[in-house]
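This is the structure, below, for whatever I ask next.
Per-chain numbering from 1; labels A, B, C, D and E assigned in written order.
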Amino acid sequence: FAQALKPGTERTATERTIRMATTTSTENSGLLGWLLPAFEQKYGYTVRVVSVGTGAALKIGANGDADLVLVHARAAEEQFVASGFGIDRRDVMFNDFVIVGPKTDPAGIRTAGSAAASLKSIVAMQQRFVSRGDDSGTHQMELALWRVAGGLSKWPGYLAAGRGMGEVLTMADELRGYTLTDRGTFSSMRSKLDLVVLVEGDRSLSNPYGIIAVNPVRHPHVNAQGARALMDWMTSPEGQRRIASFQIDGQSLFFPSATGPR
Amino acid sequence: MLAAHDVALAYAGRAVLDACSIEIAPGEALVLSGENGSGKTTLLRVLAGLERPDAGRLWFDGAPIEAGSFPRAVRRALQYVPTHPYLFSTSVRANLDYGLRAHRIDPDERRRRTNAAIEWARLQPVVDTPPQQLSAGEKQRIATARAWVLAPRVVLFDEPTSNLDRASRAQVVALISELCAGHTAVLIVAHDRELIELAGARRLNLAHGRVQAPDAHAEN
Amino acid sequence: MDLLEPTRDALYRLASLDPALWQIVAVSMRVSLIALALVTPLAVVTGFALAMYRFPGRRLLIVLLQSLLAFPTVVIGLLLYLLLSRRGPLGAWQLLFTQEAMIVGQVIIAFPIISAFTLAAVQAADPRLHETARLLGATELRAALSVLREVRFALIAAVTSGFGRVVSEVGCALMVGGNIAGLTRNIPTAIALETSKGAFTEGIALGIVLMVLALAVNVVLALTQGGGRGTPSIDAAWYRG
Amino acid sequence: MDLLEPTRDALYRLASLDPALWQIVAVSMRVSLIALALVTPLAVVTGFALAMYRFPGRRLLIVLLQSLLAFPTVVIGLLLYLLLSRRGPLGAWQLLFTQEAMIVGQVIIAFPIISAFTLAAVQAADPRLHETARLLGATELRAALSVLREVRFALIAAVTSGFGRVVSEVGCALMVGGNIAGLTRNIPTAIALETSKGAFTEGIALGIVLMVLALAVNVVLALTQGGGRGTPSIDAAWYRG
Amino acid sequence: MLAAHDVALAYAGRAVLDACSIEIAPGEALVLSGENGSGKTTLLRVLAGLERPDAGRLWFDGAPIEAGSFPRAVRRALQYVPTHPYLFSTSVRANLDYGLRAHRIDPDERRRRTNAAIEWARLQPVVDTPPQQLSAGEKQRIATARAWVLAPRVVLFDEPTSNLDRASRAQVVALISELCAGHTAVLIVAHDRELIELAGARRLNLAHGRVQAPDAHAEN
């Protein structure tokens, strides 16, 4: 034990391990499987990924059970930092949200113009819309869109599913309804779905991912060094290149957005 | 009335009954004795249809019981009271009533017969005791009464008096005489001494898997 | 983290008949009790038959039944999903994401546990029981019912276990119910939602609500069973060491 | 959707000792078997005591035990999480997101089911059994072991049910294991992952792998049990109607 | 040697034993009879420590058994053979060996005594039959042998010959004489007729919850 505690060039087992809590979208899309081995090989760390809901990921971080978090829920992220749970929040990448629905597009949202107008049209045509309903980043984005669209007044076709993105996409597909999704998850599941992208490119639909180190002052046991190494690498030109080169069916899912270490 | 011809039965290769024949006529009382493990209980179980013999044939009312199945009609006419009878954990009364319900006797008649059975077997003091907690003799009396209420034409008793007191024993002996007077056939397995009071019974002995007339020496 | 506060809050909402909470509770109770009512006869008959009758393949069936207990509920949910999906063979019935689908799932989940319990109970029963019933003229059906009545204590344990299993399972309910608010959201799927939101204490509070309800159901079942038979035991203080 | 293909593929990978699959299988087996080995003695003793001894609060404890069966595994996971979290009272042990934490969770999950089964089994045993053992000079411990040996058939069913329950549960394993690839990812959490990716057939294939393994465990348990006692029954063909 | 003074016991409010006293001396054979349900089995269970009396006191070797617990030493010196004994579903041999193991007798001695018991109870033919499937008499013989191998100083027999054939009955009678000759105290519950061969036994009757000398009339 004494040996293990001694500072030295050799890192101990705990110091070699980095625990990252993240949302299911990054893990399920396959991005982390593409990204992390390169980092692990180069720096000799082992990254352990716990992928859960956005809220749960932040909670795990707040409890000091992870060394860093990778999520997409800007407001919640800022709250996390403001409460002193996290430090050094950095932009790392973004993708965008899209509204998907059946090819036949019974609500005719393809031509609606804006995302908010699409939602209005779905209500007007009394079509089904499956909501995440789970306070996730995607759900927050949906609520923001509703605010722009003049508020959400629930109709029978509005289904608050309370499940993850993959499940909600499957449900929307099954029920021939619409839903709001991040492009990454949708692309990774497209082959299994009959849904198509109907609304995209609206400036309000940007989906930025942030990476935040857990505050080592609050939780002295965390592997701050490892967390920092991973964050540095992810935001480095090399990491950013690698994010950009992650593709499914010849399409990029995430776009680098790091502004360099602050 | 009920007969077995050349019946054989083996357990795990060990022959218990071997070309065993027996016959009971209506109104006859037959006492079967034999050493422990000689197969008396096994024979009763075969006659009651609970065990299917490996070979041989059973007869009822002069007609053979075909190899396929032991007919319902025979089962209905017959009662078997084992040495250690099982009582349902309901109530004494429900135990006596059980067979009557199964025979679809109407409720009034059932109540009448159940009451008669309680009286006959002197069960009033224990009618509220949970059946599983009764004394050995009380259990045996209930089982005898439970068969009696069904007015069977053939009764197979396995050591019916082994746990009974003097009064109850005398009563069972009286019951057997009464049954025989009513043309019921009664086969009693007993270690002889138990039923010394039983007059006019034919005595048989089971040994080496066969039923024989007892010689004084082998008597049990 | 303070558990007391959210638990007290949840129990208070339960007691004050908070509609949002009771909606969820009602879905849980309705689905699980209907599923139990449907599956119990079938499962009991199966357990009884496996205990009482010798037939070829019986041992194999028992091992299969036991193994079914290890079948994850989410996989049952997945299979049912494929069956009920509009692309699936029963898609036309439009049962997916309904309480009916959840009921079907719970029927499948409860079946092996209730069967296995019944099997063990009947196998442990006195072998003279069935024989006595038959000798007294009972049909096979009546005799079977008599056997089941005698092992009722164990049967109630079987049903209770089945209830506990289905009322708390989340894999299948999520998969075929969809956790739709106001429609197919039951207590376990609501807990899953709270958990994914990071609202751990609220999840636990809901779990305690479920416990309280299960306790209520079990107390009712325990009371119907009367005194229970219980193994009379020697007075342990008198006959000790 | 074609189920045959992914199932055959999964079984083929199982047979060809595919390291990625076997890693997951090994976690499942290791965690569940250790949990079972740890919990069985305790649960059996509890079930036995509840069946055999009269003491104040016994009936209440039985109802509580039955109700614990309805405690969702995810809630057990949440409570355990709060305990093992760095912020929790046992945070210093650093057990969160380890197999050890999963084992603890499964111990808690298996306990009520094995206890309830044991309770039912011992209660169904012949009451003269324990008494006879004591009369012949057995200590209470020896007598208890004799009773348990006589009901071993039902005990094996208890352990099998417990195994089925823990090896297939996902709520607690996800919560305290974290579904970390190569470390705490077991079959059910892998299924949950596949499911959330919409890879249903892969999920089902993993479920079938789990079934095959459970079958293997159950066959082994069934064999150790010897012939099993079984209720001798009347020849149904001979004595029918 | 073993005595009960003014023992009382009620089941669910119904008094079964009521100021009941009995005493057995070393080397004495005592036959207790009584009607079915009179409480004979209950009294044996009290004497064996299986039931705790509601009132009264037990004595062993001249010393009172205190209210706290039925001492291990008394239990060790005593064997009780019930009417319907329970056999462990292991093997005949393991049943005979059970008490010897519990008494921590060494393996060689155990083997010797078990073999002697098998011989004594003539169990060779059934030594491989699963115990639960033995005949009524075979079970009773095994239970008697199982108590016998432990060389008890007091034996309580509940209707020990009720299912036995003539030879086995004679043997149990001989065993009782033999036990008494070795200063063992033996209390036998029997419906009297069963043990008519037993010479020199003191006879008692249980009625209305009390033990009395039998008058010819009440004899069971």
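Going forward, a residue touches a chain if its C-beta (ideal position, glycine included) is under 8 Å from a C-beta of that chain, and two chains touch if they have at least 3 such contacts.
Quick caveat: nothing in here was measured; it's all calculated off a predicted structure.
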Next item on the list: Please give the intersection of the contact partners of subunit B with those of subunit D.
Entry: C, E
Item checked: Common touching chains of subunit B and subunit A -> C, D
Check: Do the two copies subunit C and subunit D share over half of their interface residue numbers, or under half; same or different?
Finding: same
Notebook entry, point to check: Quick one: which chain's Cα centre is the longest way from subunit C's?
Noted result: E
Notebook entry, point to check: Which chain pair shares more contacting C-beta pairs: A-D, or A-C?
Noted result: A-C
Item checked: Separation of mean Cα positions, subunit E and subunit D [Å, integer] -> 44
Next item on the list: Report the inter-chain centroid distance for subunit C and subunit D in whole angstrom, where each centroid is the mean of the CA atoms.
Entry: 16
Next item on the list: With chain centres taken as the means of their Cα atoms, state the distance from subunit A to subunit E in Å.
Entry: 79
Notebook entry, point to check: With chain centres defined as C-alpha means, what is the inter-centre distance between subunit C and subunit E in Å?
Noted result: 47
Item checked: subunit A: positions in contact with at least two other chains -> 52, 164, 167
Item checked: Multi-partner residues of subunit D (each touching 2 or more other chains) -> 87-88, 126, 131, 134, 139, 195, 229, 234, 239-241
Checklist line | Multi-partner residues of subunit B (at least 2 other chains) | finding: 50, 75, 84
Checklist line | Which pairs of chains touch, using the document's own definition | finding: A-C, A-D, B-C, B-D, B-E, C-D, C-E, D-E
Check: Taking the complex as given, what residues does subunit D use to touch subunit E?
Finding: 126, 128-129, 131-139, 142, 146, 149-150, 229
Notebook entry, point to check: Can you name the residues of subunit C that touch subunit E in the complex?
Noted result: 234-235, 237-241
Next item on the list: Name, in rising order, each residue of subunit B that touches subunit D in their complex.
Entry: 49-52, 68-70, 72, 75
Margin query: For a test of understanding, state which residues of subunit C touch subunit A in their complex under the given definition.
Written below: 85-86, 96-97, 174, 178-183, 185, 189-190, 192-193, 195-200
Next item on the list: Please name which positions on subunit B make contact with subunit E in the complex.
Entry: 11-12, 14, 33-37, 40-41, 83-84, 125-126, 129, 133-138, 141, 158-159, 162-169, 191-194, 219-220
